[in-house]
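Have a look at the structure below before the remarks.
Going in written order, the chains are labelled A, B, C and D, and every chain counts its residues from 1.
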Amino acid sequence: MLITIANDAPSSTRAAILAASLERGFHAQAMPNGRGGEVIGVAGALPLEGMDLTGLERVQPVHKPFMMASLEARERSVVMVGDVAIGGGSPVFMAGPCSIESIDDQVEIARAVKAAGANILRGGAFKPRSSPYSFQGLGQEGLEALVAAREATGLPVVTEVMEPEQVDLVAAYADMLQIGSRNMANFPLLKRVGKTSTPVLLKRGFAATQEEFLMSAEYIMAGGNTNVVLCERGIRAFDAAFRFSLDLNVVPSIKELCHLPIIVDPSHGTGRRSLVARMAMAGLAAGADGLMLEVHADPDNALSDGYQTVTPLELSRIHRRGLALLEALTGFDNAEDVVCDMATLTRFDTIGEDAGSALERIA
Amino acid sequence: MLITIANDAPSSTRAAILAASLERGFHAQAMPNGRGGEVIGVAGALPLEGMDLTGLERVQPVHKPFMMASLEARERSVVMVGDVAIGGGSPVFMAGPCSIESIDDQVEIARAVKAAGANILRGGAFKPRSSPYSFQGLGQEGLEALVAAREATGLPVVTEVMEPEQVDLVAAYADMLQIGSRNMANFPLLKRVGKTSTPVLLKRGFAATQEEFLMSAEYIMAGGNTNVVLCERGIRAFDAAFRFSLDLNVVPSIKELCHLPIIVDPSHGTGRRSLVARMAMAGLAAGADGLMLEVHADPDNALSDGYQTVTPLELSRIHRRGLALLEALTGFDNAEDVVCDMATLTRFDTIGEDAGSALERIA
Amino acid sequence: MLITIANDAPSSTRAAILAASLERGFHAQAMPNGRGGEVIGVAGALPLEGMDLTGLERVQPVHKPFMMASLEARERSVVMVGDVAIGGGSPVFMAGPCSIESIDDQVEIARAVKAAGANILRGGAFKPRSSPYSFQGLGQEGLEALVAAREATGLPVVTEVMEPEQVDLVAAYADMLQIGSRNMANFPLLKRVGKTSTPVLLKRGFAATQEEFLMSAEYIMAGGNTNVVLCERGIRAFDAAFRFSLDLNVVPSIKELCHLPIIVDPSHGTGRRSLVARMAMAGLAAGADGLMLEVHADPDNALSDGYQTVTPLELSRIHRRGLALLEALTGFDNAEDVVCDMATLTRFDTIGEDAGSALERIA
Amino acid sequence: MLITIANDAPSSTRAAILAASLERGFHAQAMPNGRGGEVIGVAGALPLEGMDLTGLERVQPVHKPFMMASLEARERSVVMVGDVAIGGGSPVFMAGPCSIESIDDQVEIARAVKAAGANILRGGAFKPRSSPYSFQGLGQEGLEALVAAREATGLPVVTEVMEPEQVDLVAAYADMLQIGSRNMANFPLLKRVGKTSTPVLLKRGFAATQEEFLMSAEYIMAGGNTNVVLCERGIRAFDAAFRFSLDLNVVPSIKELCHLPIIVDPSHGTGRRSLVARMAMAGLAAGADGLMLEVHADPDNALSDGYQTVTPLELSRIHRRGLALLEALTGFDNAEDVVCDMATLTRFDTIGEDAGSALERIA
């Protein structure tokens, strides 16, 4: 159940709910509700009658299984990564190489992607590779390269963490922890990052349903870490001409269900360099809060995923077009919602006979 | 092989190639190449040496299997439907109900979608329904409703044709013949519409690869009808929360391979009314030449597909936002291509040490 | 609704139901129920009270949407193709080349597959090919080859029909009409074969759900032709190492829902010659009523699908193993059902403490 | 490269190869080749000329990327779990509940599945559940229940391990470590179990290609643990009527590529109790080396996956039918291979005119 407490509720209210949950063995977790108060997710049906719960604002016994991630729980979240706000209206551009290749290269690419418009730097230090004989990433040296690049540019950095034992190490260096597609249902890893306060970028498993994706976010949030950003990065489909199929339907759909920001990765989501710019635009147009892009100074010679990697120059084009696209759409959003509430939409049959002129007036 | 003839070549050149093909039993078909000349697709290796072929411009023995549809064959095509140009730069908006419900309703919705920005009217007279016991469409009465609506509004009309025997009938009423997703590999039907000169809207099979899709276009073009517009309308994927998954990757990918216009259908491609507007924007941002949208005055009471159908008011919002989005992106297209030729992209390593300022100069 | 009439009901009962359906505009169709009586499927809620319906045995207002195909309607069907019974217990082996290549070849392969154990001959005269430039089948000459082969061997013949206009022609030659995977949702074609009395082999669309598959059978049966045999032939999945993925789950699942026989095609279902024998065994073990196999004297030089085609010798091995496998399983079926009714299964907890010895006694 | 050393080669040969690999930074790992000698997989091109390599039997510079798992490397493997041989000809039956529910229940079900024919006991102590609020398994208490059940019955036990830190703990209790479908590409976990000598049951990721599956086996083997058994457990497909689609094509296909045993899990592979028996038969007929089945005394009240769980009685039926089916097929295997080498198959055209009688003679 979801229990919302007003912003002026005494702390005893929250304490009473948590204690009652503990007593019954129900998992419970509180978080701000984005309107000054707090919401507590309790995994069980707590009998509230008879308890002194001053400031109780709302009780929702029925809700989605991903209660903490659900839009039923709170206002849309804004996740801060360093001083970059994700979900607050301005799009985030995470960019950098698939794999970190050296400290110098990482610093250089950091400067380039920053100049091209990126506000978060990416780069893999620990890499999930299909073959045990492929380059597995620079490891800790890669983490150090990220820190050097952050120092040189001021960009916060995001990098993948692959196992629970690595979480503390990676969190000591990175501003955001990436959970890769292959680990979306690695529950011990999700629980472990849920115990940190470092923001998490959770990539969708390439065969995960929307609900499974949100349940994985719930794993992190149930541990207390509510700083989760979702990332759609392509699903496995039947056409061998594409590495993955970017599944943008989930972007507006998740916006209806979940308060967390969601970004799109058109690099993995296409597997082809020449499709990245167009699908980046499509991702933003679908309502994503930003993009993650693989960028390398010399994509053809990148240590991994070069075929889907663009240059900094291409990134700058994507960045400028992306801002222009969003600005064009935002003009409208001030007046009316694109993801409109269908129930309140003026019905055509109320407009009367002369639909044409009526619509022209509205426009 | 593809054989291009200059615009001032004598007609004997074309005749000689066709005759030689006929003699060898090779299928051959000529079409304009968009630059004043002609291109002939010959399904076989014609030995050209020794023939008098004045005005021969280019011979391509190696090409994609969909030779007539291939971008190797000619400039990008513009397909005229009535006086509406598809593929020429302005987006097309095809809109109307899933099924035609009556003459009056169709005239009314035609007026409404026109007012909301549509330039082609849709509506199914012959409907492919999973159940033999469901409403199968009004048939010929539906065709008459389309004509009435066209007369009332001036909008050209598109409607589905489901079997070869129906083609002449439907073509007598409609400005464009729709081949449905379930019939994308109905080759006798494709051959039959290939024998008309009526423009064809070919919807992608929901489990067709990109290459199979283009081969189906080739079936139509091989018959002589080159007025083909492609339509991505969602593929079958694994998440039961969505009817189909709109597969926008194919839009920029097909633009790289094929000269035909391609539009996007976010109604069938999402199966959910509330996702249509956002995915319409995504389709345009991905590079589509237009949209097909299911629109009904009272979606909840539509005879088919109401759950994915929007109102005329919602269409007008989609239309205005779509134009704004395209205008925002077109500004850039004047200066540089979004689907850029990666080979000619200025490489980062040629920009030198100071990537930042270099990029700033470029921007 | 499904209305069952006893075998001694007066013909007036049946007539009254059909007349009442006609009056209300409900589609209605009668068929034997396999127990001597008849079942009438009515697509609508007929008010039966007040009608004189002597011999009325059962009324089922609630049933699956594929009412005629449903196991709720009747006993398991046996479909006769010539003198071969499909579904009656002995497995059917349909075998022959993908495409008919000449009269002589077809007669020769007919003799060989008969010797190898086949009891129905296949061969495509009209072929659905992805490319308009590929061999499209011998057409009517192919049909004549089938007749010659039938005369030489006595084997009934099955061949694909691709369009409504072809149905009469093909039915004049063939003992069974094959509807290909690409045409499973070609509803005009289904309706047209539903108007004949020739047995139909309906192949599952490679992206069709089980329910869509059964609804397509319903299209044929609703027209009056209840001689339908289903065929699972592989679905489209994500691994490019396989042409299709043979989806055997549907075999026992359809047996729970539907009274029609179902066979398995491991040639198209694997796309690889070396996998055919094993997957043929798997199909029979899953409960299929037989197999369809592509067989050619010289697979490497077959005009189509050679990579998935086996030799007659390999067919004879598959045939003998298949019979042995079924015999091994049939021994058990006499004693108890493999697809057992879970509700009547003796529960472990009724066996008491000493599960081991109890089970040993049962065994 | 794969380097095979004769069984009488001096140990210096092996040492020289390993040393040369180390020097060049190439990963190298030796394993028995099943014919008395050894094969060394070296991840790189070692220049062997000039080295003293007495007893060198074979050098394969070209091989599959999963070199240690490849059938190019060695004879078919037999993996011992306790005293149960997997892959040696007799099928293995792993059975037990999805989740261990208590010590008593686990002992009881162990006795029951043993009586019903199982030779390995399963049961999850650490469970991967989509929801953080679902039962996550008994943990260490579950491991103790497995030990108690092993003591009571003598059955070796298999249970899932979900994270690297858990491996030592689980290996201290279990005879075989299960890697779940969701963790097939959890490479740190694969590396960690590769460092033990405990046999591993590697379940295929539900959206993993055959090659990715074998590469994951390679991760384990590259670490030195060659006791790997593969398990096909269903892939994600498009029909919501099935939890997963059992993809049996991979069974004979993997047999062509890989020396490791492979079993089939028809419980997860169907997600429906009533389909398990038939698909178990299909799995064995496809060539699997055994089965994994979820079995519970009272499936309707199981703590997880009850809908796909069968009773011990049903297991005993599956077991007896499975043995009968294999015996029926084995009779033939003595005479000739079902997965036959197509290249050596007697060609039909060598049989001459009278195919019928020739085949009859062969038969």
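Everything below uses one rule, namely that a residue touches a chain if its C-beta (ideal position, glycine included) is under 8 Å from a C-beta of that chain, and two chains touch if they have at least 3 such contacts.
Predicted, not measured: the structure shown is a model, and the values here were computed from it.
In summary, the chains found to touch both chain A and chain B are C, D.
Centroid analysis (C-alpha atoms only) places A farthest from chain C. If you average the Cα atoms of chain A and of chain D, the two centres end up 37 Å apart. Between the CA-based centres of chain A and chain C the separation comes to 48 Å, rounded to the whole angstrom. Touching two or more other chains at once are residues 207, 211, 236-238, 240 of chain C.
With chains as nodes and touching pairs as edges, the resulting graph is complete, every pair of chains being joined. Within the complex, the chain A residues that touch chain D are 27, 43, 65, 128-133, 162-166, 182-183, 185-189, 191, 205-207, 211-212, 215, 218-219, 222-223, 236. Of all the residues in chain D, the ones that touch chain C in their complex are 108, 111-112, 114-116, 207, 209-211, 235, 237-242, 245-249, 251-253, 256, 269-270, 272-275, 277-279, 281-287, 297-298, 311-314, 316-317, 320-321, 324-325, 327-329, 331-332, 336, 338-340, 342, 345-349, 351, 355-360, 362-363.
Here chain B touches chain D in the complex through residues 236-238, 240, going by the rule given at the top.
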